[in-house]
Amino acid sequence: MKSISELVDGDHLTAQFLVNGVTKGVTTASRTYLTVNFQDASGTMDGKKWDIASGDEDLFVPGNIVQVEVEVISYKNSLQMKILSGSPLSQENIDFTRFVPSSPIPKAELEKKLNAYVASLKDPDLHKLIDYLVKLHYKDLLDYPAAVRNHHNFASGLLYHSLSMADDAEALCKLYPSLNRDILVAGCLIHDIGKTVELSGPVATKYTLEGKLLGHISIMQAEVREAAHSLKIEGEIPVIMEHMVLSHHNKTVFGSAVEPETREALALAMIDDFDAKMNILDKAYAGVKPGDWTQKVFAFDDRYFYLPLYTDKKD
Amino acid sequence: MKSISELVDGDHLTAQFLVNGVTKGVTTASRTYLTVNFQDASGTMDGKKWDIASGDEDLFVPGNIVQVEVEVISYKNSLQMKILSGSPLSQENIDFTRFVPSSPIPKAELEKKLNAYVASLKDPDLHKLIDYLVKLHYKDLLDYPAAVRNHHNFASGLLYHSLSMADDAEALCKLYPSLNRDILVAGCLIHDIGKTVELSGPVATKYTLEGKLLGHISIMQAEVREAAHSLKIEGEIPVIMEHMVLSHHNKTVFGSAVEPETREALALAMIDDFDAKMNILDKAYAGVKPGDWTQKVFAFDDRYFYLPLYTDKKD
Amino acid sequence: MKSISELVDGDHLTAQFLVNGVTKGVTTASRTYLTVNFQDASGTMDGKKWDIASGDEDLFVPGNIVQVEVEVISYKNSLQMKILSGSPLSQENIDFTRFVPSSPIPKAELEKKLNAYVASLKDPDLHKLIDYLVKLHYKDLLDYPAAVRNHHNFASGLLYHSLSMADDAEALCKLYPSLNRDILVAGCLIHDIGKTVELSGPVATKYTLEGKLLGHISIMQAEVREAAHSLKIEGEIPVIMEHMVLSHHNKTVFGSAVEPETREALALAMIDDFDAKMNILDKAYAGVKPGDWTQKVFAFDDRYFYLPLYTDKKD
Amino acid sequence: MKSISELVDGDHLTAQFLVNGVTKGVTTASRTYLTVNFQDASGTMDGKKWDIASGDEDLFVPGNIVQVEVEVISYKNSLQMKILSGSPLSQENIDFTRFVPSSPIPKAELEKKLNAYVASLKDPDLHKLIDYLVKLHYKDLLDYPAAVRNHHNFASGLLYHSLSMADDAEALCKLYPSLNRDILVAGCLIHDIGKTVELSGPVATKYTLEGKLLGHISIMQAEVREAAHSLKIEGEIPVIMEHMVLSHHNKTVFGSAVEPETREALALAMIDDFDAKMNILDKAYAGVKPGDWTQKVFAFDDRYFYLPLYTDKKD
Amino acid sequence: MKSISELVDGDHLTAQFLVNGVTKGVTTASRTYLTVNFQDASGTMDGKKWDIASGDEDLFVPGNIVQVEVEVISYKNSLQMKILSGSPLSQENIDFTRFVPSSPIPKAELEKKLNAYVASLKDPDLHKLIDYLVKLHYKDLLDYPAAVRNHHNFASGLLYHSLSMADDAEALCKLYPSLNRDILVAGCLIHDIGKTVELSGPVATKYTLEGKLLGHISIMQAEVREAAHSLKIEGEIPVIMEHMVLSHHNKTVFGSAVEPETREALALAMIDDFDAKMNILDKAYAGVKPGDWTQKVFAFDDRYFYLPLYTDKKD
Amino acid sequence: MKSISELVDGDHLTAQFLVNGVTKGVTTASRTYLTVNFQDASGTMDGKKWDIASGDEDLFVPGNIVQVEVEVISYKNSLQMKILSGSPLSQENIDFTRFVPSSPIPKAELEKKLNAYVASLKDPDLHKLIDYLVKLHYKDLLDYPAAVRNHHNFASGLLYHSLSMADDAEALCKLYPSLNRDILVAGCLIHDIGKTVELSGPVATKYTLEGKLLGHISIMQAEVREAAHSLKIEGEIPVIMEHMVLSHHNKTVFGSAVEPETREALALAMIDDFDAKMNILDKAYAGVKPGDWTQKVFAFDDRYFYLPLYTDKKD
């Protein structure tokens, strides 16, 4: 069965999709219709249900997985589905990973790497604290995306991003020996775990009430502080880790509560930025041919990026 | 005995002062001397010890209270002391309030008002939470200033400021009935309690390590969160109070972690700003005569303020 | 008869509305049609006249009050009217207050309160000046809204806002005795009167040429200055009042010509901001249920506001 | 007799200067002394009176013209006077122009040019309005500087600057025929007349109370408005001229009350900026040799300017 | 034959246009159609081809000149064409100037003026350098527009703008004798020549790859530097000219690589800005009647401009 | 012999130093004296020559290396020299590296590494271009610092920084395979070579005229362009390298001429920033003990940095 990214103008198919969003419209001839945003692991596409059947409004609800018969057409240079009919699917026993983009590295491999990194932390307080926090959110940390939209927005994206940063940290600590490797790696592992409270989950990801009112940075700093109290860890380590969480967006204009005031806090913020930007470019360049330009990229002030011809010759 | 604010050019006196700060200098003739910043409840003044006696460097140490014989002279339009001699005082049994500016309202009265406000909160969760937080920091909350320098920088200034805001809140809730009085008053009472961790204390106030690396806003939000967990309070109240703490500087450029997203959070931030600004003007206008201008006021982008002639006619 | 805010999908009715605006469109089938924005005291709604009858383009003109037969339908989650037919109404003897949102407090009551505030000003120059300015614009001051769109945009909104600020001023002067009550109240009463020149009137409010080229702040300062010359008032009072008018948007980035340089000018600007923001939130929260969020609020940088569950329990 | 700009290290002279400012200091040996800033038409220089004679504090008062015997010495790469003695001079019958830098073009010539420009305005309302405003401030307009410090800060500098702008306007109107010459020239003539109220006068120039609280832009717009009322001029001309006054600093961040919304208002603001900047560079380049750099120039964000070698070859 | 700017609602005509751009759409009835942007020397207009004929997608390609039969209709207050049919035209021997807006001054006249200005430069190095650079891009300099969209976007617009600035320079150098006329005129002539590399050409103008990655400022500075090396010109002249090119957008926020640090560099940037702004207003005011306002003008932060009534009386 | 960094209060010594800067002062007793800033490879210190001997003003000239007899004293918490006498040294045959801080890695090793990196570039055009540019500035590239003050301001600092970045590039390309290693390494090697024109040299480093008027970014882009023309390299490689040079300060507010529009240009800018920041912290932390704070760091908006206690435990 074709995935969304494989569809072409003229396709006619029956398939199963996750409903991402729905809006209701009226034609100039005063007929009501539905615009449904469908998703599978390969991408998303809008569909139009011109004649609303009874039951359609209960069927096409965000978060539902539905079975539909559709035709694919081209509209204003984009593909769109004409929905011929839709029917409900039992939501149980459905493998959600079919409908959510997944990590380029298998979850099991990410999990193994995570545990190895935690085990590598030598300072007893640091190890105890990080181990506690990782275990506290273990399941969600393995499943959550790193963002609703911006970067690493796929299942396990949060963990993928954290480990990719830990890899950067290891490589750079070899080149800059004044950086403390364990502190920096620990920061990479936990800096974004607050997102498991800020976001609703890996499917049809939304901000939670706590996410909107507090933000993942404040949530996580409070968790580090409370963990240290529970574990009776005193001294500088918890304060340093709280500081790294609070400052990991670098400038306050980018969302930090305070700006980095230790070498490792600064390095953490810069590595986070580098890894996020590389992933944003992966997404922006997807489907672009050497010699062409991306669409406007929001994270770069709507700048366009060029894919040089030398990209071809790399292998 | 004259206080610092009463000294005039030509005075010669023996007195007791708090040492606020010390620096060492060298004259053009290569002699070393000390510049000592003295403080009492009425203000501060610099003194010069031109001939350093043995023991002087151990005596003039920030935080010490010392006995000195001085002459007051005028230098570059400011008064300055010439220190003739100094001697140590036993630091025990000294009444610190003689050396630190004090609140315009007696501490006992502030304490009573605080307890009345806490008692007035009707929602059981809200009352339990605020009562717990106030009691947790009770002693410091009664003694701390609201800032190192900016506003309400006197003993009990933190409480004075919090209660003054609560008074504003009460008055405005009568005029804007859509404001929730209890939530807003609760916010006024606890919003700045994190300063008892951020600052070192009421005498020779400095930022602590936690204060610098985390800031009072993040410290207090974490405390509210941990308190709610300890007290097993669920539902919205703790999240709302955390949000009010995090957003009480209004814009993130002024230090908020998130910007106000409820009516009461917005009102809290605006009341905090109003009360702080009125106190800053009290300080700026101190000693200015009607028809004259203040010095540059840092909190107002170095603007000068005018004291109108009508000020005279008020009573 | 149902008001606009009471209409629901499927209604069919004959009613009278104010025409707020009109645009002409063309369907994909190349037929021309009209989009008419209708208004009554309860709100506004778009209507579509698909078949343009002769006379329709003269009938549907902004500022006209018309009689129409319409059907209400739902389009893209909003209601919309299908205009079946329209006919002219004599514009005379129509009670305009039926078509413009009105003040929550009756105009007569506002007028009485205004006169009491003016009468309460004790300084003879101040009283004479304020009395003159209020009388000069008396009729418009009673009728005008405070803005085209932003806040207090209802009939008598200008006066409602000015008096609400005067109430705030009275309450705060009791808590901050260093504030001069008469100067501050006077500032509240006149600060926005320039809007009676800046805006076209209470119905179908627009900016005038003077409004666009000069702005209400500059217009009013010039009026205060000219009034003082006419009344031969010398000394500081007129300059102080001009300064308060010029600085009542606080920062120049928000439209002040100069920034506040007296305590009362600062307080005026902060009270203006507080009262405007509370009114903006009233509008944003209108129709929102506890536990839900508002739409993006333009005046708060497109932030959303949350209506907490405790809102329910207030009464 | 040497002027201040002609003094060199080692000079010993008796001369008459204007006292610009005075501060009192104390040496490390606890002796008091005075620092007096002297001025004549050629520039300013600081002097030190190490031994204060009786009467010195009454003599060296800003605004006084005094006779002094001084020695010139070099201190930190600048020249400075050692004041040996000073004596009072009768302030009457002193020609102030000896002590204030003067315009490069004689005042009489400027006056003639001003009258010619006023006479050249053809629209009757425009002519009447400008003629009235110029006559209202005639004496001060001939004498005042254009600023305390920034640009054209010499006697008649205000008029010099206004006429220089009128010349620019004439030249550019020939190249851009869509510009209205009379409106633009009128704007050049009156845009800064408010400075005669904002500033204290041509000698020892300071801001007045009205200047600080209102600013010359608001003062002048109010005057244009009041003049139009007095002269019973209706229609657009006064509003347009008020707009040009209010917008002549272009962006509001540079002090405009509104931003230019007519072609002539925009041209006025750009010509004002050009003429001011050229004058600021004249001052910055004064005394700089080709191949060298100026000091930091405040008006250009503390940038340095280079004087190219080709400057030499110009004649 | 009517030009695009002369068309009115209801016209039916056969004409030749340049295709500026094309997008494909789908009606609510799922039919595909084309939106074609047509251009001639007088302006641009959108057309709709509702029924796509075979060959239409090859015919309506940006850069093509086509023959079409169209009807003109009004849609949302703008005119639009309904394309009845289209046919190809041989692209050879077509006079492109019929399809591109042209300079108000004939190209031959501009060319003569250019050569006169180059010939007027007296310093041998300066003359040699400018002559070389002008000749290097001679043909393009005569044909290119000054911009894709912003200002002087017509054939020969680049040269028209450069010479208009040279005229300003001559006029202002007479009024400000400290300006070096030859340096400033030379700067006017070459400052924008980099646009002949940055832009694709006078028809259907686009940014080139070099244009996007480097920008005309950097391109031109490199050309000046390379030219000086080729011509073996040493000393300051080339560096000064490079500096003028690099700084001609004045502030770095407006695109300068460095900010002006010579008098002539500053004057060049200010003249460039003035000439561009006057041209932008010409475009904004086109078609506006005295007493009316322009559309929002992008270059002025979306401000509207007013066309005063006095505009009528100018002649 | 003690180096500057080893001096303590009370030292009396004869030594050779580089003169970094000189200013002339006058004591309150009107005696002239010299303040001389001395430098050796270990640091800098001010000295005072209270009695100016004949010849002193020719001796103490920036760039000279002199022999002096001095006493070290403490003044305002800093050490300072009292210069007893000075005498000239033949400037020939002096080993300048004794007076300039040197690279932590020997120059010979850096040179070997540079050549290896150049040799590793596989694309023929890229290799030819980089090889040409490196050879063109070979000697200076081995000797120059990376900045006057900011970061890597030691002999060979430019090369040290470029190679450190190349190391980062290699490490990160392994973790992010979509990055083109050769293009990125090439960018690291040449991005800052323009500093060999912008700065005066490794001793008493200053900005050159070209440096101030053009900046190293523009200078280097022009060199890349000219080199490509000389070497007749066509296609994308030179444009891409020019783009990387122009954009290597990332945002234009930080000095880029254009902002990065390829993945490698973005990575180059971020690596440059990371390496510079790590070096700035090395300098800021120099001499700070674990548990203490640095001075204000200019490059971090005057923030202070904390050196955590865990720094102790690293080895």
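Order of writing sets the labels: A, B, C, D, E and F. Residues in every chain begin at 1.
What we mean here is this: a residue touches a chain if its C-beta (ideal position, glycine included) is under 8 Å from a C-beta of that chain, and two chains touch if they have at least 3 such contacts.
Everything numeric here is computed off the predicted structure, so don't read it as measured data.
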item: Higher-contact pair (C-beta pairs counted), D-E versus A-B; value: D-E
item: Most distant chain from subunit D, judged by the mean position of its C-alpha atoms; value: A
item: Most distant chain from subunit E, judged by the mean position of its C-alpha atoms; value: B
item: Rounded Å distance, subunit B centre to subunit F centre (Cα mean); value: 44
item: Rounded Å distance between subunit C and subunit F, as computed from the means of their C-alpha atoms; value: 61
item: In subunit A, residues with contacts to at least two other chains; value: 28, 209, 212-213, 236, 240, 261-262, 304, 306
item: All chain pairs that touch each other; value: A-B, A-C, A-E, A-F, B-C, B-D, B-F, C-D, C-E, D-E, D-F, E-F
item: Touching residues on subunit D, where the partner in the complex is subunit B; value: 23-26, 28, 30, 32, 209, 212-213
item: Touching residues on subunit B, where the partner in the complex is subunit C; value: 123, 164, 167-168, 171-172, 174-176, 178-180, 183, 235-237, 240, 259, 261-264, 266-267, 270, 273-274, 277-278, 281-282, 285, 300-301, 303-311, 313-314
item: Partner subunit D, residues of subunit B touching it in the complex; value: 27-28, 50, 73-77, 80, 82, 293, 304, 306
item: Complex contact set, residues of subunit C against subunit D; value: 209-210, 212-215, 217-218, 221-222, 225-226, 229, 236, 239-240, 242-243, 246, 252-253, 255, 257-258, 261-262
